[in-house]
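Note that subunit A is present in both complexes that follow, paired respectively with subunit B and with subunit C.
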Partner chain A sequence: MQTLSYVRTEMLPQQPAPLGERGAAKWLRENLFSGPVNTIMTLLALYVIYLIIAAITPWLLNGVWNASSLSECRAIIAAAAGEGASGACWAVINERWHQWLFGFYPQDQYWRPTLAFVLLFVAIAPVLFDRVPKQLLWFTLIYPALCFWLLWGGSVWGPIVAMIGFVVLAIVYRLAQPLIGISPAAGAGVVAAILWWLFLDVPAVNLLAGLADLQLQPVRSSDFGGFLLAITIGVTAISFSLPIGILLALGRQSDMPIVKLLSVGFIEFIRGVPLITLLFTASLLLQYFLPPNTEFDIILRVIILVTLFAAAYLAEVIRGGLAALPRGQYEAADALGLDYWRAQRLIILPQALKISIPSIVSTFIGLFKDTTLVSFVGLLDPLRGVTNVVRADINWKGIYWEPYIYVGALFFIICFGMSRYSMYLEQKLKTDHR
Partner chain B sequence: MAYASDAPKDGFRPSMLIYDTRYRGYTIQFIVLLLFALFVAWLLNNTLENLAAKGRTFNFGFLWSRAGYDIEQTLVPYTNDNSHFRAWMVGLANTLAVAIPGCILATIVGVIVGVLRLSKNWLIARLMTVYVEIFRNIPLLLWILMIFVPMRELTYEPRDFRVTDEMIAAGQEPAASMWFNDSVAISTRGINAPLPLFDRPLGSLNLGGVSVNLTFLAALVIVLGSVWVNRQIRARAQRVQESTGVRPTTWWQSVLVLTLPFIAFLLATGFHLEYPTLTRFNFSGGILLQHSYTALLIALVLYTGAFIAEIVRGGILAISRGQTEASYALGLRPGRTMSLVILPQALRVIIPPLISQFLNLTKNTSLGIAVSYLDLRGTLGGITLNQTGRELECMLLMMLNYLILSLMISSVANIYNRSIQLKER
Partner chain C sequence: MKTSVFLGTIAASALLAGAASAQATLEAVKARGELICGSNTGLTGFGAPDANGEWKGFDVSLCRALAAAVLGDATKVQFVPTTGETRFTSLASGEVDVLIRNSTWTFTRDTELAFDFVSVNYYDGQGFMVKKDLGVSSAKELDGATVCIQTGTTTELNLADFFKANNMSYTPVNVADDSEAAAQYLAGACDTYTTDASGLAASRATMADAANHIILPEIISKEPLGPVVRHGDNNWGDIVRWTQYALVMAEELGITAANVEEVAASTTNPEVRRLLGLEGDMGVKIGLDNDFAKRAIMAGGNYGEIFEANIGSSTPIGLARGLNALWTQGGLQYAPPFR
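After this line comes the complex of A and B, so read on.
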């Protein structure tokens, strides 16, 4: 066999890629300067970023954290950075941060809402994450009463006895369900619980209070404010609006015309009017609709209306999920001989709710942001209520950017966190193999 | 949902109302209806009792008494001698004055941002993401206040715009000056902008109490006519392309048809702008935009625009990559691929959530309360309510009004939606 002397027998070492095809240069060229239009847009964007940074940086750098009034702030800034320099006066946040968080809640009792807030995470952990032991769900069940007692104070027996009403409901349901079926048993349970609350609640509380008086200092609703108020309203409304929303969605999909009509009417009415009008209903009109001389707490009234508002929106979101399920799922449930509630609970709702998770969470985010509107019915929401209280102080008159940035940042953290959680949940529950 | 396969032969027994799925529905509906009727009766009874206890009646006569309060921004002629009804209509017009431009501008912002978020330009895409996330996760109320408060507190009084002889002699500049070649003045009182006027207006037509401005009507007719002619030109080009395979160049015809008649109309009616001028204490002439209006509009547009951007982005991403590739395989260029293949399909995904954003924006105009903008809620549900003390009537009217507004928007949008939906058998 002839040897070809000009054929190389060993491989050449690999050359590195040309400079323009690797590293930062390639990235820059592909992502920022890939054509004339892109280049112009990049330069424009850089200019806009420069303008924003140039406007904000001196203001941030000259920020003052320790001062007792806006004029003192300005004096410090003028002394440090020269006359006419702009600067942030974070001192107002430093001095009043607790008011944005707690409103006029008594200062020596701050541990109570803080504890309630921490326990909130313990209570929702078994719902949110499946690695948490399921026994914690019992704590979730008693959490509402515990939270109420911690926040509003008073005798411990009121919430406990009220919770026993639910125990009565559960026991009656358990006993009656094998005898008369699911729906009548649920009805009997509700009636029994209502009887308990109407007739046995007050005597039981008095009796127990006579035996042992466990009291926390009572706090009036008008002292609630800031994020304490927003989170109280938001979390309560979120947890109650989900079951109501599911029921409304099922009602709207129902093949019973009257149930369907009532659900559609309710949903469309609530969705057709702004939340503000519903809040005004809570503050102005409920006194007309309730029996004469009924007095009840404005926060509770607002929570009820906000809950109904969110429930109508959730109902539409969940209806979308129900409609997106293939018809075969319903038929398969029927073919297995499941009755309506079992079919919903075991087959339909788990899938429908999974589809609608992103929209449900964005409804919750919207609900939480909407809690700021309660300031229009005289409650101290963090954004407008507390900020106005602080600005009414002669020391802090004329300050506006800093409080808004502080409150906005807190809202952003909470809402952004919720949206990230929904993305995590979406990933976790994804079962299609793509 | 369970169906009995085989109807029992024996007759109807009352227990079947509970146990038989064919009849249980009637029982449940009867109970629900009964409970609902009881609930409504309870509410009505309470309301009547409460009204009687307060010595009030339920009637709407107050709508025709003198309102007695001023409204700063009026699109409908109004003085404080007019009735509460008139004030309500002024409020409604003010609500629409935010809602309609708001929906249009928010759509524009949303579409641009949504498309730019998908841009290959890393910096632009990141910037848009930051914008969307910031606006979506912070309450609208904060944006309204954050735009409104500096507008009012960081601007100058009208007198600061004055240039006196002494200042010229001393070579001083006034503290504030007008923008855009002395045509727009932003002062503490609001934004004074040029007002379009016509030397030879066509007059107005009175149709049973509602006067119609003929000049604007004519302008509208001319614009719609030009658009129609333009569509005919394009349809003809389409026909020529289908028969010969060559598309005639029509862009210059389109430009002429769309611009020439309108310019001719403006010249014929003597169109000019009236600029605001500084008088003794304030600006006069031109058009005055209240800061409350501007702030509300800007905040609503930016906030809703962020949501619409997400909808647009989602809609475009929902169209599978294969559609683009198939379109390229057919030989369509990128522009036509977008307009003929991607957008028509994306619109189907985009329109339904877009409608609900329009509804949200319209309802959110009621947040004008934060900046004392006198819209529907500010007039009927605000000052009128407080002056007359007729909470029940005012609130009911206001809710009904918002409800009708929402239903109108959603029905119009739904008709459009149905026209572009996929026609399935």
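After this line comes the complex of A and C, so read on.
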């Protein structure tokens, strides 16, 4: 029997991987320099990045925050960095930032939109997060009236009496629903509410205002601008377009021919027309059809049409979610003996909406950014409207990039926030085992 | 059949609405207690809100003078910003009472669009700006140049006409607005940049190297800019027209915001007395009171004062009076007699 000359009796300690096979070197080799083509691309990309940074950095570093005009900015930059140096003139933001946020809202009333904005988060918290006490939903319901009163001012009774219209709707629905069923009861409720708004609203406001009144200084729609305008239009349109979109999506899938025809017609018409056209309709065409000197607020007109526009898109997004549900879910709902609305509410919509979350949020983000298009109808949106006004000041004429960067950064924060929330919601609602 | 009835109803109601709004602007303004003035979305020197949201500018001052004449208070004006696309519809639909917004008086706008251009408060014209080192001293030497031009404006059409008439060619670089045009021009994207001469002067005044840019002597178009009212409400048109002429007349007669009271107390000149409402009943004839011109002058001064305060040579914009001087000084501002 041959004896082994050497047998290792203990394990060797693990060696670190060779230098070229670990850490940064490996990552660089595999990801950036894995072959001649990739090496060239990497070097080119690095060069381009260098050029961009080299061009922008001095401009940013030379930035001036305190000056009263563009020429003063230039003088400061020339004094600090030498003749011919370029630099950002952030002083324009420093001096006019409030106009990009509030437009021409009276400055001593800035607390009102600010308060409305803070309360907005209180109002949407119970909708967005399930750890928040559900009693807050009552606040969510009265928030639109409160927000309207804070923003536009006037008598406190105006929004309250308008909200009572919805209470009328709810009461009529409650009373009629056991007698005539869900849809006719809802119809009767809407008719009752419209009658309330048409005939009882104004006398009721006058009566109540005569008894006791709480007034805020009224602010005109023409004073709204900047992000105040964008957020007002965006948030209102987003919150109203979702329920309308759901109804349209269900209508499109309905077995009832008239409901289906109306839904399809509405969706296809709105989606077939650019938003700009609808905005021009809101600002120009409606004026011709209404009696002269009718006060139909331009912001309200724009909000209505933007809402309808978003609702048509949302309807198709939600229809996609509905179509993705297996047939068995519908059959299971039927087998349980649920009626149509219960089946939708308890089984179909929760799943369909969950599937559609990314697309719904995309639509919302798009909608929010589309609010800048209102500059075409003479409203002061943050991007073009307010920027144009600021540039019309002889002190700031000639300024170009700074306002865009400022407005772009604010838009990014808001849209990125929405996008992160949608990812959080997807994670939370994930029930499958992928 | 049903459709035609429906369309007929709409047409009829639109006609009725139009008839109702004619002749009624003055009453509507008085009832509202406020003048609604169609304004710019921001044009340097002519109309824009300042840091406090207060509207300032050459066109804005005329709105204020009009409000002072009609309502007795120069602050009772609501300014509605209108874009190039929405301005005429806003006026036609009655959303604004008068449009004082750098609108060029042209044949089709006056006739086809059914407006009245009641007077001219600024005579402008289209010019070119070039860099000095381009070595060009006349617009006729611009053959083959790249031109930064705002799309969808009369300036675009004037440019095409001018180059065609002089048998030259050009390459347009389309831009959306004035600030973009200036940025593109400075970045070297185009050899020359064209817009109204007043706009060029304002842009040049704010450039870091203003001395390196020149505005060529040729003015290639006529741009009479003035207040516009709806066709058919002639009384309102008269009010706007004679308010503007009162300001011009005041400059001619040497009446300023500062001395108007003094002149009114001491003057024996019958023309001054008629203008200031001390004699005759000029204001009553147009549905106002006889002091209307006096109040208009007190609002922001006479025509020359308004010009100097907003766009004149003492401001950074530094426009010369040029065509906008009084007729007695070689310009075109000429008010018909008050009698």
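Assume the second predicted complex is superposed on the first by the 422 of 434 C-alpha atoms of A that agree within 3 Å, B and C clash if a C-alpha of one lies under 4 Å from a C-alpha of the other, contacts with A are read in each partner's own complex, and residues count from 1 in each chain.
Everything that follows uses one rule, which is that a residue touches a chain if its C-beta (ideal position, glycine included) is under 8 Å from a C-beta of that chain, and two chains touch if they have at least 3 such contacts.
Nothing here was measured: the structure is a model prediction, and the numbers come from that model.
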Checklist line | Simultaneous placement of subunit C and subunit B on subunit A, clash or fit | finding: clash
Check: Residues of subunit A touched: more by subunit B or subunit C?
Finding: B
Margin query: Quick check on the superposed pair: does A:222 touch subunit B, subunit C, both, or neither? Answer first, second, both or neither.
Written below: second
Check: Regarding the shared-chain residue A:404, is it in contact with subunit B (first), subunit C (second), both, or neither?
Finding: first
Next item on the list: Examine A:340 and indicate which partner it touches, taking first as subunit B and second as subunit C; both and neither are also allowed.
Entry: first
Next item on the list: In the overlay, answer first, second, both or neither for which of subunit B and subunit C A:259 touches.
Entry: first
Notebook entry, point to check: In the superposed arrangement, which partner chain does A:16 touch: subunit B (first), subunit C (second), both, or neither?
Noted result: neither
Check: Who does A:415 touch here: subunit B (first), subunit C (second), both, or neither?
Finding: first
Notebook entry, point to check: Which of the two partners, first being subunit B and second being subunit C, lies in contact with A:289: first, second, both, or neither?
Noted result: both
Margin query: Which partner chains sit in contact with A:328 here, subunit B, subunit C, both or neither? Use first/second/both/neither.
Written below: neither
Margin query: Let me test your reading of the model: by the given contact rule, A:36 touches which partner, first (subunit B), second (subunit C), both or neither?
Written below: neither
Next item on the list: Determine, for the stretches 276-284, 294-302, 312-320 or 402-410 of subunit B, which one clashes with subunit C when the structures are superposed.
Entry: 276-284
Next item on the list: Across the two complexes, find the residues of subunit A that touch subunit B and also touch subunit C.
Entry: 280, 284, 287-289, 291-292, 375-376, 398, 400
Margin query: Residue numbers of subunit A touching subunit C in their complex, please.
Written below: 70-71, 74, 95-96, 99, 104, 106-107, 220, 222-223, 280, 283-284, 287-289, 291-293, 375-380, 385, 388-394, 397-400
Note to self: Considering only the defined contacts, which subunit A positions touch subunit B in the complex?
What the structure shows: 30-32, 34, 38, 41-42, 45-46, 48-49, 181, 183-184, 255-259, 262, 268-269, 271-277, 280-281, 284-285, 287-292, 330, 333-334, 337-340, 343, 365, 369-370, 372-373, 375-376, 383-384, 398, 400-401, 404, 407-408, 411-412, 415-416, 419
Note to self: Touching residues of subunit C toward subunit A in the complex: what are they?
What the structure shows: 10, 14, 17, 20-21, 28, 40-45, 47-53, 78-83, 85-86, 89-90, 93-95, 177, 179-180, 182-183, 202-203, 205-208, 315-317
Checklist line | subunit A contact footprint on subunit B (complex, rising order) | finding: 1-3, 18-19, 21, 25, 28-29, 32-33, 36, 43, 46-47, 49-51, 53, 119-124, 127, 133-134, 136-142, 145-146, 149-150, 153, 359, 363-364, 366-367, 369-370, 377, 381, 385, 391-392, 395, 398-399, 402-403, 406-407
